[in-house]
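Same chain, two partners: subunit A is paired with subunit B first, then with subunit C.
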Partner chain A sequence: MNALRKHIHPGWLIIAPLLVMVMALYLGPILNILWLSVTDPEPGFGNYAKLGESDALIRILWTTVRICIITTVFSVTLGYSIAYAMMHCHQRQKNYMLTLLLVSFWISILVRTFSWLMLLGRRGLVNVALEDIGLIAEPIAFMRNELGVLIGMIHYMIPYAVLPLLVSMQAIDQRVMDASRNLGASGSQTFLRIYLPLTKPGLVASTLLVFILSLGFYVTPAVLGGGKVLMVAEYISVQLLVTLQWGTAAMLAALMLFGVLAMLWIMSRFMKLSTVFGGAAR
Partner chain B sequence: MRGGLFSLFNRVGAWVLLLFLVTPALIAIPVSLTPKRFLSMPQGELSLRHFEKLFTSQEWLSSFFQSGVIAVSTSVLATTLGTLCAIGLWRVSSKYSELVRAFLLLPLIIPHIISAMAFYRLWIPLGLLDSYAGLILAHTILAAPMVLITVSASLATFDPKLEQASKNLGASNWTTMRRVILPSIKPGVFAGALFAFILSWDEIVVTLFISKFSVYTLPRRMWNGIRENTDPTVAAAAVVLIAITLIAFVIFAIQSRRNTNNTAS
Partner chain C sequence: MQDKQFMKEMLTDSAQAYKQGRMDRRTFLALCGASGVALTAVMAGDAEAAADHVVMWNWGGQSEECHGSAIGDAFTASTGKGLRFDTSGPLEGKIKEMVESGNVTADVADADLFNAVSLGPTGHLEPIDYSVVSKDKTLPGYALEYGVSVILYGYAFVYDTEAYGDNPPQNWADFFDTAKFPGMRSLYKWANGSLEAALMADGVAGDALYPLDMDRALAKIKSIKDDSLYWGSGSEAHSMCVNGEVSLGMVWQNRGRNIENDTDGRYKLVNNQALAMPGAYIVPKGNPAGAAAMQFIATAQELPAQLALLDCLGMTPSNPAAFGQIPEDQQPYAITSAMNIDKIVYNDPTWWGENGGDAVNAFLDAIS
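Now for the complex of A and B:
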């Protein structure tokens, strides 16, 4: 026992309970899913070959990637604007902004999805209001299409985009900007050539974080897409719970998993992961 | 001057965006007050009947209760395991411990649909499907990384010399942990417990896979209500959830302000 102690730090003793639990109950079945993707229904790469054969699968993947890209571009752009405004106003105003941001962060995803259902439906508040003031004659289709999914997703993702950006903007030395202005650069030159490049780590982290979260998003697309916009996450759940095809679902999950891990790896080269998630958790 | 104008424009835009983030949820309030039997905006008359139904319906009450039990158990379990693990990782601080830390954060970032698949896959042979234990274990694995993050953040500002001092003065490992380390990282532990509670209270994707009849959490019932899209009781439940969120938020804000005041003085 003492000999063991010399080689193994006693700290591992209290790490072990969580580590063992996650390994046994989480890593285990995930590896099993990766294994299933090449063995179910028969050994080989049949499930992956389906990608080349089935137009439906390609369409779902393309829809997912397209929606994720659009969501990410909008969320990060709008998030940048919020973070910038928060960094450049009085402390008091900043606190109010932070409160709004965090409250929206904390409101249940189901409550928010329900609200969008009430607002965006054919007889929803938005359509009724627009008809009442005479802007439109026919209700606009906000739901059961990509527009609805995008509205719901961007609304959900903006706070996630803001937090890593705030972290990286906080780290910027304001004197650099002053120096740039003193040397004769205009406001927009200073922003584009000094400020924007300095926030690059935050931009990369925020972009990848939003993209990763969008990739596996289930609730909003399933409700606001109304079966018309099929994304990978919903397709996986149908495969498992309705048609019971583990192989195809496992293959899609494996693709998603490797995609996410690759993006995490890129992200870790720009910003410490715990900073990104620490920001996200706060 | 142009910079100033741009800044002003951007600030107004940011406020509009922030209001856009919060206000849509408020529509649940008028809808919950409709006197009609179907989802609609109230016209003139208001009624509390859907709240009455929410608080007298056996189904909704049992969902509130079940979600409460699961979220509290998850929070306790995740906070205990997460805090111990964070302290262990902080003590070891080697190349391997950082690797383990990164690995333990994965359940937080891996899409929940994949986690749901994994738990579903394993819970079938273990007989944990549709049981309290199954949901609590799954939620604990998803929530522990949150605790790990918040506690590690607190530990980063803790002076390791205090631990040595305590040991030099003859305190055992256990006493040092209880009387020296834990009190100094209390804010992190508290925040982690709250986040773990919220995560479990609000979790739907994994729950959809591993619960069926006997365990029917609040998000699960709301999900059903949203999919059926007729019964205004869902709106009443949404209002209650918003209220709980706001209360939790206020407690959190007061607590963290107290902590910053403490460290400042």
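Now for the complex of A and C:
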């Protein structure tokens, strides 16, 4: 027992149950998925080879990545302005804004998705109003296409973009900006050369968070895309539940997993990832 | 491990005691609760289902109430067994997963007949016991080894009378004719029915559809892609019409009446060339209630159940004896009524069971 203690810190015993649970409930199923992707319907890399053969799969992946990139760019940009505004208004207003932001987390994604249909649908509030005042003759197709999917996804993702940015902005010492102005930099110079670089960890964190969460979007594209915007999550679900091609589904899931891991690895080449997740920049 | 064995035996014993009335429900459930955590959550479900219930796996919504009143009450009266529901929707993948996991909790799944063709031979379904279930109480060709059609639903369409009031669309050719009938239309997202409609629109006779000519069907689907939306659930199809997003909407025929009512008659159902889909009851392999599932299916085939399902859910009877008894006010909506039966075409579950997966993927590729 003593020999064991020399090598293993007793603290590990305390967190062992957690570790075992994570292994069993998280790693186990993931390994199962990886296993499925090389064994169903027959052993080998047939499922991965499909990527080279099928234009359809490549197109679905490209649609997914394209939509996620656009969503990320808009969510993080808008999120940055919101976080910036929250940092620079009165405490009272900041509290209001924070409350509204958190409330939006509590509203189901289905409700938020269908609300867009009521607002921007063919006979939604906006189209009917514009038609009534004579601005347009035909309803504008906001929904049931890629634009609709983007509107729905960006709207859903903005709060996720704001929070990491807010945390990172709060950590900035305001006197640095004063010093910059004091030394003669203009407002925009101070922002671009001092403020923006200091919020980079927050920017990276919110970009990663939004992009990775967007990859898994299912409900919003299915409803707002009118069936024409097929993203990978919905395709995986169809392969699992309808066409029973579990191997293809597992392959796509594995691909998404590796894609995300590769992205994190590339990021880690350029910066210390621990600063993104709240660690100290050393 | 010894403990687990003991608990399992204790629970099995108490389930039997509960079944025979020697133990009340509360004690039984308390025992289930007291004897463990993860193990019993599963065991309690099993034991209770085995005790005195048949669990029907359906799609929720109104069907819970309707299956209870249309089939459940008569089933309980004749067998003394109750009816419970799992409303999570028995999609093919879920049935496969349930059977392969070894934890089968449902007895009868409200599925499609083509599911019986694809899941039966792979060992995921119990064969239908035709000494209990009747082959004569469904349409010929719709009583298969692993599933029997209990109701029919149809792929039909509704149109906007304000848009095409004077010269309404009458068949699938009109539905696909965007020059003559401009406006958005909606089709089913998972290929079924949409492919058949496209072929009929392209001039294929209703009785010569199978095997489906995929290339021809997809070309026709693509030709109206810019004017099409695609729905994935009955409620979505419904809301696309009610919200005025489409002027022509492919719908499940049993939704037609609700759409007419909800739009105050602005949208009208056309059952000409409707594709009759055999909705089937199938039994997952190793179902907890065993043979009682077959008695349940037999009850659903009887005339009162058939007519009650039509009244409550709008599902068309598949028992030929019921066709003549479809009430006057349901005649336009039921696809096997005297008014419609000569105009409809029939789905081939064998083709779909064998080729459905590839067809769905090819369709998704064409529309996305």
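To be clear about the criterion, the second predicted complex is superposed on the first by the 236 of 282 C-alpha atoms of A that agree within 3 Å, B and C clash if a C-alpha of one lies under 4 Å from a C-alpha of the other, contacts with A are read in each partner's own complex, and residues count from 1 in each chain.
Please note the rule applied: contacts are C-beta pairs under 8 Å (C-beta built on N, C-alpha and C of every residue); 3 or more make two chains touch, one makes a residue touch a chain.
Quick caveat, the model's predicted, so the values are computed rather than measured.
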**subunit C versus subunit B, contacts on subunit A by residue** = B
**Prompt:** After superposition on the shared chain, which partner residues are touched by A:Arg144: those of subunit B (first), subunit C (second), both, or neither?
**Reply:** second
**Prompt:** Given the touch rule stated above, what does A:Leu117 touch, subunit B (first), subunit C (second), both, or neither?
**Reply:** both
**Prompt:** Of the partners subunit B and subunit C, which touch A:Val260 in the superposed model: first, second, both, neither?
**Reply:** first
**Request:** Could you look at A:Val238 and tell me whether it touches subunit B, subunit C, both or neither (first, second, both, neither)?
**Result:** second
**Prompt:** Where does A:Val223 make contact in the superposed view: on subunit B (first), on subunit C (second), on both, or on neither?
**Reply:** both
**Message:** One more residue to check, A:Gly247. First (subunit B), second (subunit C), both or neither?
**Reply:** neither
**Prompt:** With the two structures laid over each other on chain A, which partner does A:Thr63 touch: subunit B (first), subunit C (second), both, or neither?
**Reply:** second
**Message:** Is A:Pro164 touching anything from subunit B or subunit C once the two structures are fitted on A? First, second, both or neither.
**Reply:** neither
**Item:** Interface residues of subunit A shared between complexes with subunit B and subunit C
**Value:** 117, 223, 240-241
**Asked** Inside the complex, what are the residues of subunit B that reach subunit A?
**Response** 2-3, 6-7, 10-11, 13-15, 17-22, 24-28, 31, 39, 41, 81-82, 84-85, 87-92, 94, 97, 100-105, 107-122, 137-138, 140-141, 144-146, 148-150, 152-153, 173, 191, 195, 198, 202, 204-205, 208-209, 219, 222-223, 225-227, 229, 234-235, 238, 241-242, 245-246, 248-249, 253
**Prompt:** Which part of subunit C faces subunit A closely enough to touch in the complex?
**Reply:** 91-94, 96, 118, 184, 187, 189-190, 225, 228-232, 236, 243-245, 356-358, 360-361, 364-365, 367-368
**Prompt:** Which residues of subunit A touch subunit C in the complex?
**Reply:** 55-56, 59-60, 63, 117, 121-123, 144, 222-223, 226-230, 235, 238-246
**Message:** Under the stated contact criterion, what part of subunit A meets subunit B in this complex?
**Reply:** 9-19, 21-22, 25-26, 28-30, 32-33, 78, 81-82, 84-86, 88-89, 97, 99-104, 106-119, 125, 128, 155, 158-159, 186-188, 190-191, 212-213, 215-219, 223, 232-233, 236-237, 240-241, 249-250, 253, 256-257, 260, 264, 268, 273-274, 277-278, 281-282
